[in-house]
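Across the two complexes that follow, chain A remains constant while its partner is chain B and subsequently chain C.
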Partner chain A sequence: MLLEIDNVTLLYGRIQALHGISLTVNEGEIVALIGANGAGKTTTMRAISGLRPIASGRIRFAGEDITKLRADLRTVRGISQAPEGRGIFPGMSVLENLEMGAYTRRDSAGIRADLDRVYGLFPRLKERAKQVGGTLSGGEQQMLTIGRALMSRPKLLLLDEPSMGLAPMLIQQIFSIITEINQQGTTILLVEQNAQQALSRAHRAYVLETGRIVKSGTGTDLLHDPAVKDAYLGVA
Partner chain B sequence: MHFDDLAHNWGPLTASGLAQGAIYALFALGYTLVYGVLRLINFAHSEVFMVGSYAALITWGFFGLDENSATPPATEVIGYVVLGVLVAAAISGITALVVELVAYRPLRRHNAPPLAFLITAIGASLVISEAVGVATHRNQRGVPPLIQPADAFTIGNTHVTNLEILIILLTLVMMVGLDRFINRTRLGRGIRAVAQSPDTAALMGVNKDRVISLVFLIGGLMAGIAAVMYLFKIGTTRYDAGFSLGIAAFTAAVLGGIGNLRGAVVGGIIIGLFENYGSALFGSNYRNVVTFVVLIVILMFRPSGILGEALGRARA
Partner chain C sequence: MTTVQTILRWRGPDGGVRGWFGRQPRLVRWTLLAAIAAGAYALPYVGEVPVIGPQIVTEGVDWRTALFNISYFVLLALGLNVVVGFAGLLDLGYVGFFAVGAYTVALLASPNSDFKTNWPWLATVPVAIVITMISGVLLGWPTLRLRGDYLAIVTLGFAEIIRIFAENTTLLRGDRGFSGIPHPPGKHADGTPIFGVRDAGPYYWLGVSLIIVIVLAIRNLDRSRVGRSWLAIREDEDAAAIMGVRTFKYKLWAFAIGACVGGLGGVMFAGQNGFMNSASFQIQFSVLILAGVVMGGSGNIAGAILGGALISYIPDRLRGVEIAGQDAFQYRFLMFGIAIILIMIFRPQGLIPSRRRAMELKDRAKEVAPQ
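Showing the complex of A and B:
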């Protein structure tokens, strides 16, 4: 088991955002976390990456308890998050953003190889290497956050709403690339509102509702689950 | 109004204003760097500067140099100046670091509101300046005559002194060096990342506390160097020397666009020049009036300063 979250609760002031969440991610998997707006998907991500302290519960990663570990040290251990909402560094060029992704690394040859890999996945980023991040289109910024997250050569890649605000064709493309990244050997935990795409790409998935996990199973199972269909897939 | 004075002395006023502005610029960097990363005005920065000026004087004191000493031979002078700059920079840097560790970091641990930081900054400033005031009996202390002012070159009636050249050159070197450090190195990228988005920077593995310490240290180093330049230009220091100069430097930072490194330089030079021009035009009693009128007018048209905000966006 690469990631194990055990009974995690989290508070925003007096509001309880997570009510005892447990989930696991095995090495090599794509695991999806789906749910409506405000269900706690992004909060779960922030708990895993360490941006938000949890109130109770345990988080284990690669056999170690990281519950109390600072966010930057979790990155060093191999967790890398592509934050939602185009969380790029707007004043840095595309290349500098990607170099920030490799901030904790010193192996310049390895960094260059990974830069080529990211450019291979996202040729558009190579064309825009010198351009300032804030001037990229929404889709390009999305690619940049994913590419940048890969630059740390993570064991676990956390993707928060990678399809948010993108045109349908671009969504298709981003999900193909996510599958490709996984096939190249990176374990992925994916948070999505686009349940159709997420479930058809994921090995396993969890359904989150108001801070609780209400359902889990393989991607295909959930894709054919009547309740999930009804609530998230908009099937007529 | 003495337009003839201004017209006649325009050259010398400009030379002196540039040197003064260079000192403000170095001093202002500390305000702007810390603001860029923490959105905090570190009022104690003026004391970081003042402590640096004493550090240099005490260092020279070890070698028996005080204001009544004779000027040592040229080769020794170079050694003393370099040593004074290094010690002042180091002591100012350490002072800034201690202020961050003792005063600000505990507040961040407890998620204190901005007002708590503001009052702590003012308190830290008063504690340091009053402590030095008590220790020095509130006397001023003179500078040993290491550098005898002499004309380096003359254009018309403009006599540019060796000291003005030294101040401007040293500032230029420090600015270019710092600009390159911030824009071209890995650590510099880390600083810009925290300034642009602290959370995302943490996701990249940047240790925010370490970046903050680094920023205080750099600001302190620059203030220490500025303090030695100030000593040579003005000739004395006192426990409250940082206060009025600090206001001018802080103004320079805001004028250029706080959080913007190049803005601090532009702001510093503008303030240095206008202080000198304003003194000539209206008499030296009006120098602060002129400075702040200029500030207010510029901010009316460019509220975020001449070059605009944000350390992260300081790239040309």
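Showing the complex of A and C:
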């Protein structure tokens, strides 16, 4: 087991956002976390990356208890996150953004190789290498957050709403690339509102409702689950 | 309106003077910068230049004193620019560090001090640097977990605590203050001391030299991994943490370095004036320096220098000047207010903007009002 979250609760002031969440991610998997707005998907991501302290429960990563570990050290351990929306550095160029992704690394040869790998996955980023991040389109910014997250050569990649605000064509493309990244050997935990895409790409998935996990199973199982269909796939 | 607009947009972030400067070879750039530095050293004599000179010098204030004031304002603007411009931490209580530096000198060197140490000025400098840095860390440690507006309020409170503490403790002597603070060492050939109250020129030259050293140090820092970490924190603190930046540590560094430079300003101020009391550290002072940094171009060293110089020069220049039978000095804050509003409307990134800052501003505007 690469990531194990055990009974995690999280508070925003007096409001409880997570009510005892447990989930696991095995090495090599794509695991999806689906749910409506405000279900606690992004909060779960922030708990894993360490941006938000949890109130109770345990988080284990690669055999180590990281519950109390600082966010920057979790990156060193191999957790990398592509935050939702415009999580790029707007005043840095595309290349500088990608270099920030490799902030914790010192192996310049390896960094260069990974830069080529990211450019291979997203040729668009190579064309725009010198362009300032804030001037990119929504889709390009999305590619940049994913590419930047890969630059730390993570064991676990956290993707927060990679399809948000993208045109259907681009959504297809992003998900194909996510599958490709996974096939290259990176484990992925994916948060999505686009349940259709997420479930058809994921090995396993969890359904989150108001801070609780209400269902779990393989992607295909959930894709054909009547309740899931009804609530998230827009088909009766 | 359009004329104002054209004046304030006399150059874009990439074109104009800056673009031209950036394209020059290294040697040309350094020669130009050296010439500017030489010009700064020669400023005390500018009044002797025919025609232009008398327009520049201050009428109501001794010109060399005005220049010295500019030098420590620039120093403060440079220090605050590290905190606000580089790391993006809104500090409204910067005067607190200026006060800590000045009080360190006074306590160690003034004959009024209960410590009765009577140190020479020079010996107090390293102590003042260390103590202001420590004060920066002490303030930062509990407060840098806060962000944005919350941090601003806490720093505001810090400056007021220092001032009220100074007003009400016997050790810091309130508004009775400290007098007889010694000057830096050095004697002319005829045995008269170089630094004194009568001629502020040597203090100004000392100030310019300090500014040059600090500019070089800050510039190197900005281009290092530290600078990159500050940049990342400023643009998106959460994203920076995810990249592996130890955000708290770098924010603390920005605070400590900013505090240290502000403290140096206080050390200069205490020495040149020879006297200081709690009234020297009003909260308006912090706001003024911040206005200078923002006006000049937050995040840009040249911008901070220009802004710091302007906020000190303009009021001094207005002193003793009559406009339509009214003393212009009385209206200095009104003029400041208007100038700041105009700049914020037409050139929100400042007179000499940081290219990245301009982009960040645009990006944030998108967040506030999506098209």
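By definition in this document, the second predicted complex is superposed on the first by the 235 of 236 C-alpha atoms of A that agree within 3 Å, B and C clash if a C-alpha of one lies under 4 Å from a C-alpha of the other, contacts with A are read in each partner's own complex, and residues count from 1 in each chain.
Rule of thumb we're sticking to: a contact is a pair of C-beta atoms (placed from the backbone, for glycine too) under 8 Å apart; a residue touches a chain by one contact, two chains touch by 3 or more.
Here the structure is a predicted model, which is why all the values come from computation and not from measurement.
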Fit or clash between chain C and chain B when superposed on chain A: clash
Which superposed partner A:G91 touches (first chain B, second chain C, both, neither): both
Touched partner set for A:L51, first chain B, second chain C, both or neither: both
Chain B versus chain C as contact partner of A:S152, first or second or both or neither: both
Which superposed partner A:G101 touches (first chain B, second chain C, both, neither): both
Touching partner for A:Q81 - first (chain B), second (chain C), both, neither: both
First, second, both or neither for A:D72, with chain B first and chain C second: both
Candidates 3-11, 75-83 or 147-155 of chain B: the single one with C-alpha clashes against chain C: 3-11
Intersection of chain A interface sets (partners chain B, chain C): 49-51, 70-72, 75-76, 80-81, 83, 87-92, 100-101, 103-104, 132, 148-149, 152
Residue numbers on chain A that touch chain B, as the complex places them: 49-51, 70-73, 75-76, 80-81, 83, 87-92, 96, 99-101, 103-104, 132, 148-149, 152
Contact footprint of chain A on chain B as seen in their complex: 186, 189-190, 192-193, 196-197, 199-208, 310, 312-315
Chain A partner contacts - residues on chain C that touch it in the complex: 228-229, 231-232, 235-236, 238-247, 355-360, 362-363, 367
Chain C partner contacts - residues on chain A that touch it in the complex: 49-51, 70-72, 75-76, 80-81, 83, 86-92, 100-101, 103-104, 132-135, 148-149, 152
